[in-house]
Each structure stands twice: as structure tokens, then as C-alpha cells.
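Chain nomenclature is as follows: A, B and C, assigned in order of appearance, with residue numbering initiated at 1 for each chain independently.
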Amino acid sequence: MLRLSGIGKRFGGLTALQEISFRVAPASITGIIGPNGAGKTTLFNIATGIYPPTEGAVLLEGKDISALPPEKRARLGLVRTFQNIELFGKMTVLENVMVGLHTQTKSGIFACAFRMPWQLREERSIRERAKRWLDFVGIAELAGVEAGKLSFGKGRLLEIARALALDPKLLLMDEPAAGLNSKETQELAKLIKSIRDRGVTVALVEHDMDLVMEICDSLVVLNLGSMLAEGTPKEIQDNPAVVTAYLGEE
Amino acid sequence: MEFFNQITQYAISGLSTGAIYALIGLSFAIIFNSTGIINFAQGEFVMLGGVLAIVSITALHLPMPAAVAVAVVGTTAVGLAFERLAIRPLKNATPLSLIIVTIGASILIRGLVMLIWGKDTKALPPFSGDTPIEVAGATILPQHLWIFAVTLLVIVASRLFFHHTITGKAMRACSFNRRAASLVGIGVGRMVLLSFLISSALGALAGVIIAPLTMTAYDVGVMLGLKGFCAAIMGGMGSGFGTVLGGLILGVLESLGAGLISSGYKDAIAFFILLLILFVRPQGLFKKGETDRV
Amino acid sequence: MSPHRKLKPDSLNPDTPSSPQEKLKFLVFSLAVLAAPWPLAGGYLTNVLIFVGINSMLALGLNLLLGYAGQISLGQAAFFGLGAYGSGVLTTRFAMNPWLAMAVVAVSVAAFAFAVGFPVLRLKGHYLAMATLGVGVIAHIAFNETVDLTGGPSGLSGIPNLAVGSFQFDSDLKNYYLVWGFALVAVLLSLNLVDSRVGRALRAIHDSEVAARVMGVNARLLKVQVFALSALLSALAGSLYCHVMTFISPTSFSFHVSIELLTMVVIGGLGSVYGSILGALLLTLLPEMLRAFQDFDIVFYGLLLISMTIYLPGGLVRGIPALFRRLWPVRRSHA
């Protein structure tokens, strides 16, 4: 589904990432783990086109998308959520999801201003679909609330609903469990699995090891900007290099 | 020869206004570097400097050095009040509200000056007479020399301050990374106030030394401020030589353009340069491009 | 914080015409506009209200850009002036039909803004403000300097009134309905726009441009489009202005006018269509009423900009209802 090939990133003189290459298999859940500062979020930013890599290429279904801006990548089915939740705080929960349906609608500035009949039809249909996505993540009753007023956990769910609305092929989640309590994390695990079962490939950056080990099909470990290991959760748990990186030298 | 003399003449007057733009540019950069704010009221500090000096001389009959002191101190007081009353209450403000507030301050200051001292254009007497000095076929006024001297002095002093004093270094630390600076115990709030202090004093000084040459009125601040900003942009918003060079280049281009093409479009020249640089090299003329971190 | 805390639905966007209330609101507003000259009996105030209409269109244009998409422009007076001078020059110097001229000018100004918009709107925040200001100042200088075309500082006179057949818009009352006809259409279309796919995308860009782009919103193109739309509205306002006044001079299109428009939008309410109208109304009426204190207006604008931004960032359109709610709290029903 997604292939990263020889990704490197430098900020000025600082090397944030080097020689990162791995694949994310279709309809799987891939976890990207590593200590703080390993470069996980930077990797997501490069994958989604928020900034360009210094070297290497990003391939989506075999197509090189390294030069595309984020909005084009989103249209190709590559969508993400953010570590600190980037909701549109001054819009309602429903409207947030409707923005997620932006790529599936066409009405331009004139059709919208003049309320052309097809624009009204489109509007009705995405309103319904947005409600269904809210239902899917379980926050349908909050549709009319200002997104900025949601609790962290609900905001996370909204962000997932909004991302799913794009009908992604690949969903990148940046620390989806951060800031959630254990009950919420359990529900999140279920939700992520059900997303995968709908045929959406998931890649996530996460610190919560219980969650990662429970839901991921394969893992990639980064340390200090480099690939440390790759494999199934079981293999990673038994990998001495990983244990050292997390616990330090003995 | 005639033509050559003319060019020299334009260059000299261009360099002197350019030096003023450089000073104003530096005063922009100082606030920008410690707060991330482009202070739209910066030009008003320049105007205030000139106006206060004139008022001190004509109404209060102070001698020139005292008038200069009154102008600089008075403007600095306004700058500090501005920071306290308008900038500080806006903690965590968006750039948009900061822009709006500084614009508000700028027209407030302009309006008050107009109400108190009227709309007339006034001139400050030159610091040391107006007997022209002949140099290479062109004439230089003593005031030009004053401008060059003060600009040079300010550049040297700011270099010393920012690189060789603890406070100056602390201010630079704030500009690189505010959070890190506050973690090592630098009072960021105090540094912001200090940057407004230095910046408004510098603006006032620029306003005072230019006033004998160009006349001053309540509404000269807009143009001077914008051109100073243009200089700062050319120098990449740094507080060093780039801005000074930017100011001088701008001054000379403007003076040549006004002399050789059309004086009506003089002000437009600065803005064409400004737009060109913003579009093509927003990092300034003399800096290498860098990837910004999101 | 309890996880079971009930959140009540907000009506965030006060201008959602899809709901019946909002349709009623627009209807009431339109009727008020149509009836306004009645009690004034075509007097002096009718004349002032013409300018309220023109300023409303300008403020609306700026608000779409600033309040919704979050992109500042300090050069709106340039588009206003291009509209006015475009119509003025085409009708006086080239004897073009005024309506045709208006259409030609509006489309050209929008196209110009669209072209300029790409480099300009790549800039953000303070740099964007300075660049748009630069565009405004250059335009103002051009109005002054192209004397052959514009008449320069002494202005351009002899601009004809608009007419339909033999019906001339030559009185305050007629011009009132002319201008407000345009303004009401602009209000309606803006209301439609902000509550639509495009409007939501613009508001999303305002809240978080990165997130909007990751959602597939082509932020760059949309920003430029709304910039062009605001230029179009400003140019139309300019054309109307020149035909109402029959005389124009560069002072009406200076930097100060851009700042006045900014003040209107901030006072009325950023991101509110009716807020733009309220701001235009207040800032056009006040100086008329404060004629005795003529030069105070600029001081007053300054104070308003600062205090509104600090104490009432939502503008009057949100501040007044909030004040009422505080004074007379309505008991909330717990559903």
C-alpha cells in the first residue's frame, strides 16, 4: 500500500531521519514505535506532504507521490490524524466531518453562492453521510456542538470520523491513544480494528505498548532517526536491540 | 560631468534617507525578533520623535540637545505604554489580532498628534546650520553628516549591546527560542518590554535626525514606517548589517528613481521592491534559504 | 470534568440560511432595508444610507476574506478604486455603456486579483498584511499620477448616473434602492456561500490550514478564489460609488479607507455576514453624527480597533446578544 524508500530529512544541520525504508501491507495495522525524538511524527509529516524529504521517495500503491502537496495526497486516499488533535474548533462537530467529505463533492464557489439545485442535493447527501460517520465512531449526539468544546477523547473520535469521511485507503494516526484513559483506549482499539476490517490500511505512531502489541499486525521501530527493527509484535518484543533502545544499556 | 554630478547628488541624498530607513528597519527587527510581531505603529514612533523635538523647540524653547532628549524619552514612554496597554493584554493572540491592535495603535497615535499639534507640516532647524559642503561636485548638508554619524553610532552600539552584554545576549536568546530562554531563567516578558523600549527610542531618534531635512507632520509615519519595513525585509528581518544595507539600497534606488524617472512614483518604487522581495526572496536578499520547521 | 457532561448544540455560524429562522431573518432584514427611506422621507439620511450600502458591500468582501478564510488584506481600497476609476474612465473617456462598463470592470478586477492573489496569498500573517498594503499604496499612487486618464489629484468629474432606458438614477431615493439592491443580493449570496462546501472549507483553512489541506482542501486555490471574489464585490461597490457621486478623486481610495473597512469588519464581527453590515452602518453613521468633532474619527477608530480586539474579539454582532443574555438570563430547559 505505502512504501517509504530511503527517506532522509535534515533541518539545517540537524539530521532528523535517515535511510528509512519500509512497506505498509494493505489492510493491515502497522505500528511505528520508538523513543521520543525518534522522528516518528516527522516521518508522518513527510508521508503526508507537510514538508518534503531531503532524500528518498514516498510511494502510494506503487505511484511516486513525493512531489504532491497534502491535498492531492488526500485525494489519492492518504489521510492522517494529528498528535495534538487538529480540529476546526470554531465549527460544529457535524461541519468538521462535512469538511472531511470535501473531496467527494464538487460544487464550486458560484454553485454554492447561487444554491444551484445540484449543490443542494450534494449538501443533503453529505449531511447524511457525515451523520453516519459520527454514528460509526459513537458521537452522533454531539453533532451540533462546537468542536473546540469537546473533551480530548471525544475530539479524538471526531478527528477519526473526519478522516474516515475522506474514504481513505490508508489512514495514518499520530498517537491516537495519547491523553485517553484506559477505558477510552480499549474502545479505540476496537474502533481501529473495525476500521481495518472495513478495508482501510492503518499505520499508527504510538507509545502505548499494550495497545500496539494488541492491535498491530507488524511493527517498525525507529531510534534517533534510523530504522532499528521491523517485524511482527512478537519478533520485536524478543529483539535485543529494541530492548536496549528502550531500556538503555545495562 | 553635469550628469555625473547629478548622480552623485542623488546618491548622497539617497544614502542619507537610506540610513534613516535602515534605523527604522532595525527598530522593526528588534521587536519582531523578540515577539514575532511586526509593529504597524513603528512609523508613528518615528513621526512622534520628529514632532516632539519640534514642539520642544518651538513651544518650550528648549535647546537642541534637550529637545532631542525629550523627543526620544517621550516616544519611548509611548512605546512602553503601548506594550503594557495593548500588547500585553493579548497573550497568546493570533497574528491577526496583533496586526489589528498595532494598526489601531498607529492610527490612534496619529490622530492624537493631529488633534494636539494640528495638521501643519513643520521643520526642525538643522543641528549645525545649513551651509552646504562641496564634495566631488555635489553638495552635502551638515545634517547629512549628522545622519551618517548617528546611524553609524547606532549600528556599533547595537552590535556591542546584542553581542557583548548579558541583557543583549538574553534578548537574542529570546529571539531564537522563547521557551528555551524562559527555561534558563530569562524573563521573557521583561525582554519584550525592553525590545519595545529600544525599538521606540531608535524610531524616535530616526525621526529627530530626519526632521530637519524632510519636514514632519502627523501623517509622515505611514510612509517612513513602510519603507523601514521594506529595508528590514530586504535584510531578512535580522538586526544586523543586512537591514542597514537594505535601507541604503532602498534609499539610493528611490532617490535615483525620483530624480531620473518621476518624482510622483518615488513612493511606489519602495513598494515594488517590497512586493518583489516578498514574492521572490521572502528570507531577505542576503540570507540563504532554509527549510522552516512546521 | 465529567465525561457525561451534556453539551448543548451551539449555533456557531449565526448565518445559516438553510434553517427557516435564517430565511425569516433575511426577509426581515430586506424589508427593513426597503422600508428605511420611508420614515426618512428621502431626507439627508437617505443619502448617508446610500454610503452605508456601498460600505456594506466593501466590508462584506473583506469579511469573506478576513473573517471566514482568515486572510488579511489592507489593500481593499485598491479594488474599490479600480472599480470606481474603471467605470468612471470607461464611461467618460470612452463613452461606454455604464452597465457594460460595470460588468467589464468587475470581471477584469476579479481576474487581476486572481492573478495577483497567487503570489500574495502565499504569504502569511504580517507579511500578507504588508504585501496587500503595498498593493493598495501602489494603486493609490497610480490614481494620482496617471493624470491623463484619471484626472490625477483633482479628480474625475462628469461621470453619468446609471439609467435603465429613460429612467435615470439621479436622486438619493433612486440611488438608495439601486445600491441596496446590489447590497442585498451580495448579502444573500454571501449567506449562501458561507454555509456551503466552499464556506466550510474557508473556515477550516482559518482554523487550521494544515488540517484543511490534509482533508483534501486545496487551500491555495480557495484563498485566491475568495480574494478574487472580495475584489469583485469591491469593484462593484466602486462602480456604483462613481455613478452615484458622478465625481471621484484619489482620496476616497487611500490607505485610510482600507483601515476604515478593517475597522468596520472588526467592530461588526469577523466571520459574520450581518456583522459586516452592522459595522458599515455604525462607521458610516458615526462620523456623520460627530461632524462637530470632525477630526476625532481617526482617534476613535484607533481606540475601537484596540479595545474591540482585546475585549470583544467577536464583534458587536456576537457581543450584544451575549450582553443581553448576561443581563436577562433565560432559564435553560434541560432536555
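Assume a residue touches a chain if its C-beta (ideal position, glycine included) is under 8 Å from a C-beta of that chain, and two chains touch if they have at least 3 such contacts.
Since the structure is predicted, the reported quantities are computational estimates derived from the model, not experimental observations.
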| What chains do chain A and chain B have as common neighbours? | C
| said: Quick check on this structure: which chain has its C-alpha centroid closest to the centroid of all protein C-alpha atoms? | reply: C
| query | What is the chain whose Cα centre is as far as it gets from that of chain B? | reply | A
| remark: So, in whole Å, the Cα centroid of chain A is separated from that of chain B by 47
| query | Which integer distance in Å separates the CA centroid of chain B from that of chain C? | reply | 33
| Counting in whole Å, what is the centre-to-centre distance of chain A and chain C, each centre being its mean C-alpha position? | 39
| request: Mark out which residues of chain A touch at least two other chains, giving numbers and ranges. | output: 50
| message | Among all residues of chain C, which ones touch two or more of the remaining chains? | response | 210
| query | For chain B, what residues touch not just one other chain but two or more? | reply | 294
| message | Residue numbers of chain C touching chain A in their complex, please. | response | 1, 3, 5, 7-10, 12-13, 18, 189-190, 192-193, 196-201, 203-204, 206-208, 210-219, 225-226, 229, 271
| field | Of chain B, residues touching chain C in the complex | value | 37-38, 40, 85-86, 89-90, 93, 95-101, 103-112, 114-115, 222, 226, 229, 233, 262, 264-265, 267-268, 271-272, 274-275, 278-279, 282, 294
| said: If we count contacts the way the header does, which residues on chain A are in touch with chain C in the complex? | reply: 48, 50, 69-71, 74-75, 79-80, 82, 86-92, 95, 98-100, 102-103, 105, 107-109, 112-115, 119, 122-123, 126, 142-146, 149-151, 153, 162-163, 166
| request: Under the touch definition given earlier, write down the residues of chain C that touch chain B in their complex. | output: 66, 70, 72, 74, 119-120, 122-127, 129-131, 133-135, 137-138, 141-142, 144-145, 210, 255, 259, 262, 266, 295-306, 309-310, 313
